[in-house]
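Following this line, the structures themselves.
Below are two complexes that have chain A in common, paired first with chain B and then with chain C.
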Partner chain A sequence: MVKSTDLVIIGGGPAGMSAAISAYNNGIRDILILERAETLGGILQQCIHNGFGIHKFNEELTGPEYSWRYEKQILELKIPYKLNTMVTEFTRDKIITAVNEQDGIFKIKAKAVILATGCRERPRGALNIPGTRPSGIFTAGTAQKYINIKGYMPGKSVVILGSGDIGLIMARRMTLEGAEVKAVCEIMPYPGGRARNVEQCLNDFNIPLKLSHTVVEIHGKHRLTGVTIAKVDENKKPVPGTEEYISCDTLLLSVGLIPENELAKSAGIELDSVTGGAVVDQNRQTSVKGIFACGNALHVHDLVDYVSEEAEIAGKSAADYIKNNGMSPGSFARNIIIKTGGGIRYTVPRKITSITDAKIYFRTSGIYRNAKISIKEGERVVASIKKKRVVPAEMEMIKLTGDNIREIKGGIVTFELEGLHD
Partner chain B sequence: MYDIVIIGAGIVGAMTARELSKYLLSVCILDKESDVAMGATKANSAIIHAGYDPKEGTLKARLNVLGSEMMPQIAEELGVRYINNGSLVIGFNDEDAEKIKTLYRRGIANGVKKLALLDKDELLNLESNISKNAVCALYAPTSGITCPYELAIAAIGNAMDNGVDLKLNFKVEEIKKNEDGYEVISSFESVKAKYIINAAGLFADDIAKMAGDTSFSIHPRKGEYLLLDKECGSLVSHTIFGTPTEKGKGILITPTVDGNLLLGPTSVDITDKTDTSTTFDGIETILSQVNKYVNSIPFNRVITSFSGLRAVGGTGDFIIKFSNDNFISVAGIESPGLSAAPAIARYVAGMLKETGIRLEKKKKFNPYRKSMHFFKNLSDEEKNRLIRENRKYARIVCRCEMVSEGEIIDAIRSNPKATNLDAVKRRTRSGMGRCQGGFCSPYILDILSEELKIPVEHITKSGGASNIIIGRTKGGEQW
Partner chain C sequence: MIKNLTCIICPIGCNIEVEIKKGEIVSIKGYSCKRGEEYAKSECKNPLRTITTTVFTIDGKVLPVKTDKPVPKEKLFDCMKAIKSTKVSLPIEIGKVIIENIEGTGSNVISTNNMR
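Right, the complex of A and B next:
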């Protein structure tokens, strides 16, 4: 038996919850959130540090507090959700197969679907670090789950590879739990996480950040006994003679996040090879009509505030799509491709399909000072922003108004960056 | 007193135990590790070779061809995945072409069926992603792939279901011969048996020495591998070999039964029998080789690397012999040991028979074992029926490989029982997917702790001192 539902949201983390509330506020009532974990809130539940919500709520909340702001609304609005529910199949005609203990395996046919499936951490195997395969190697997020959710201590002397935000947060967390964090190694010449986290999580605790360093060998037969680190050259290759052995029982990996898009792939949705997320238009609609994507499943965000903001767009767009019986939202159709010029790593969205306000998030490919980022049609500047400093770790945004879009006559605009490369 | 003690729970010990479990004999398998299949069986190419490689007239040739013919039925009975995908040895020049013809002739002499020599067009028709520089190939349609540790686990599980005992963490320190047989002694306990079968893999020479046989020695030859994401498994459908060199069959490219793509192995003689580390050079060697055979291998989709140690006997052939009275050594079982294992088991049973032991068939022998992945293969209706009986089959613990709590508990409760994270992984595939256990290991840790009734602090990754966590942050055992 296939049940019909107007809107199914896959994932009940910050993106899924925000999208659901936005769809509700835009008139949709028949909503179902499917969440595979035992609670709503996703990864926020294990992020017990503060710093969430500065942009959204003008407050510094912890992860669970930020999540609760949304959970409360879900409960008040009586938006249905199913926990411990894993979506196992998803087709482009929006039939979802899922499984949980109450319902067993069940199918739902949706008018619209929002993919808010989040992201996963890149594991050790993806890095090809030579050496043994002992216990004591964790991704930073898994270690965070052990400590903050389970109350288990993963180890007592720690090296962290990668300076992504979770790695930095975990350097502080492990230190606060009494472990010794001996070094954070970053293969790039600049930190992967936000400057604020480098300051508050490493510098405040005198934890050395070794830039242009990586782990070149793992030691220990049963439990990790140490790692060999080395300096890398500009091609990220280890420099012979710079090896240094650090004894430790724990290695945390914070070497990148990968959007979870197995379901998107199974539905034949076009993916962006840079972000790993779906290619979307400014309504966060994917290449399959009626399927939307938002949050870290779309591209890895730096702040949850922007996840919520983006999910609101997806929620509203899905609502419009359902209300218009599958006609694309925004009647003034356009077909504009956004291209990236030098210095820009990616933009989300990559397409503009209607004359409605468009928030375009982007990341730069390096550190630039006195940067001017412009959206140009040929030589004409459609919109631009100026920034004292831009870094790859921090997302930036340019807003295009309906009027800006109306002025674009052709089918291509280009993102360009001018500035001093650091 | 057992009739027979088998030392070593790798593929040879496993197949032998299962073969002997058909008879009215008391059998016990010993292994020094915390799980079965922990040596070469755990990390190899997983190929069921057709049998054109080994020299004519060798035991290797005979047992390879026979074993690979037996494999489909055994896999079926044990519920183990086996895919008859065929293999290709590809050549790039005249010299390769000559070697390939030699392999062809050898294969025919060994009794390999359906072998064919292919020209370039035939090759590219069969496998479109092969390098355009390839000019010829040997096609062996009877070659297959399986999951070697799954096969060993299932064979031992089936043997145990048919009455065989298994003792893990049993490191043989001494073997005493007395009037009525042997006493096999570890630091903690000892078992007695009339017959001993030494299937100790890399350590078969050490075990043989304990029985006074110093006629052979085993040395380790390391093979490193890279495993790519399941999205890459369809890059080739056959197992692709380069033309063999003096150092062996060389690096291969193959889909696995799970749909991943496997690249490797390297071949480096080492001295430490326990050194299964991967190396920078090894990884580089694989990367530089495989590109020559197959186009556009997506190296950025590597999910893990690992290495295994071949037990090289140095005679060029398997060493299967009496080391002492009623003491059989099965040693030097390097490639094609996996393919030959079922035939080796039968061969060993034959040797036992020659000593006068009575091999009387059990009436109640059950050759079948439920597949470890049976749940996945059910229809939705059948799954729902099972879920109504046991809700834990509906709770997905490993998200990448879609493994339920019910399946994990099955792995912990069925023979041979999983007692650590890697053992659960080898039985269920939990933690083997693209996130490599990031999501599921915290849950499996708790399930193991609850099922085995031991504190989480004592749960290990793979036995020994490989504990996952060192204590509690609050309450419980403080670290």
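Right, the complex of A and C next:
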């Protein structure tokens, strides 16, 4: 039997919970959240460090505390959710097949679906480091789960490859728990994570951050005994003669996150080759009408506050879609594609489909000083902002008003950055 | 003594140079706004950090905790030791005090999750 539901939200992490609350507040009652884990909250449950909620709540919360603020609302509003529930199939006509212990295999036909499946870590397999394959090599997120959820330390002396925020956070976490973190290697000439984390997770404990360095060899038979690191040139190729051996029993990989997009793929949703997530418009609607995406499933955010904010947009859009029976208000329709010029890595959204205020988030591809970022139609500047300094690790935003959008006559605008490359 | 800091208040990340003589700040250079100056001052005088870590429950579960106020940076490891030697029993609600006034810092260690 196929049950029908107005709105199904796949994923009960920060994005899914916030989207559900937003849809509820916009008048939708028939909602179901499907969550794979045994609790709501997603990855926040293992992110026990603080720094969450500065924008949303004006406080520094830990991951579980931030999650609880939303869980509490879900419980109060009595929004239904199913835990330990795995979605096994998802089609573009919004039929979801899922399985859990209680219900067995079941199918739901939804009027609208929000994909809030979060992201996953780039596995080591993609890394091609020569040498042996001993135990003692973990992704930073796996190590975080071992320590913060299961309560055991993966090792005593550690090298971390990649300076993404989770890697930095884990450097501090393992140090506090008594391990010696010997180095963090970053292949790029600048840190991957935020300045605050470099300062408080590495500098506080005198952990060296080796920029333009990578791991070139792994040593050890059964257990890791050490790694060889080396400097890299501008093309990220190791420079011969700069090799250095560091003995360690643990190597953590913090080499980036990618949106979890298997379900989007299976529904034939158009994906963005840069972010790895779905291509969406300013309402966070994907290329398939009535399917929305938000949070890290869409692109990897640097702050959970922004995830919640984006999920609110998706929740409201899905509610509007359901209330209008899938018809978008015609007279406001537009079809504008946002292209990226030099210095800009990606934008979200990548399409503008209606004349309503839109926040366009973007990431730069390098560090720039005195940067001017403009959205242009041909030579005409539609909107622009100036920034003293922009870094890839921190997402930025340009606001387009309805009037800005009305003025766009053609179907393409370009994001451009001028500034001094660092 | 010259102390070099990177301001962490905003993404501009100004490099701030603080000159300290006999434990007193004599000059601060390199910041672009007041918030940077404040940050540099507190970092030199009395750097504070919030500790986030875990404690074990009696039945071997792992409960996340934090200090409800930041503690002096040099007391991080002493506080960690005290936290690690503590065991709690369930159920526990979010925000419950686990250790009062840890190491005389005036800060309490509190639970950051609900656990049954």
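Going forward, the second predicted complex is superposed on the first by the 419 of 422 C-alpha atoms of A that agree within 3 Å, B and C clash if a C-alpha of one lies under 4 Å from a C-alpha of the other, contacts with A are read in each partner's own complex, and residues count from 1 in each chain.
Convention: a contact is a pair of C-beta atoms (placed from the backbone, for glycine too) under 8 Å apart; a residue touches a chain by one contact, two chains touch by 3 or more.
Everything quoted here is computed from the prediction, not taken from an experiment.
In the superposed model, A:G402 makes contact with neither chain B nor chain C.
Once the two complexes are overlaid on the shared chain, A:T62 sits against chain C while remaining clear of chain B. Of the two partner chains, chain B is the only one that A:D249 touches; chain C does not reach it. With both structures placed on the common chain, the touch criterion links A:K150 to chain B and to chain C. Annotation for chain A, partner touching more residues between chain B and chain C: B. Looking at the shared chain after the overlay, A:T142 reaches chain B, while chain C stays out of its contact range. Under the contact criterion defined above, the residues of chain A that touch both chain B in one complex and chain C in the other are 147, 149-151, 177. Residue ranges of chain B in contact with chain A, taken from their complex: 226-227, 231, 274, 276-280, 282-283, 302-306, 380, 383-384, 387-388, 391-392, 394-396, 399, 402, 434-439, 441-442, 445-446, 456-457, 460-476, 479. By the touch criterion given at the top, residues 5-6, 8, 11-13, 32, 49-54, 56, 60-62, 64, 66, 73, 76-77, 80, 94, 112-114 of chain C touch chain A in their complex. Chain contact summary for the complex, chain A toward chain C: residues 45, 48-50, 60, 62, 64-65, 68, 147-151, 173, 176-177, 194-196, 198-200, 204, 388-391, 394. Interface residues of chain A, counted against chain B in their complex, comprise 36, 84, 86, 88, 97, 99-101, 103-105, 120-121, 123-126, 128, 130-135, 138-139, 141-142, 145-147, 149-156, 177, 216-218, 221-223, 249, 265.
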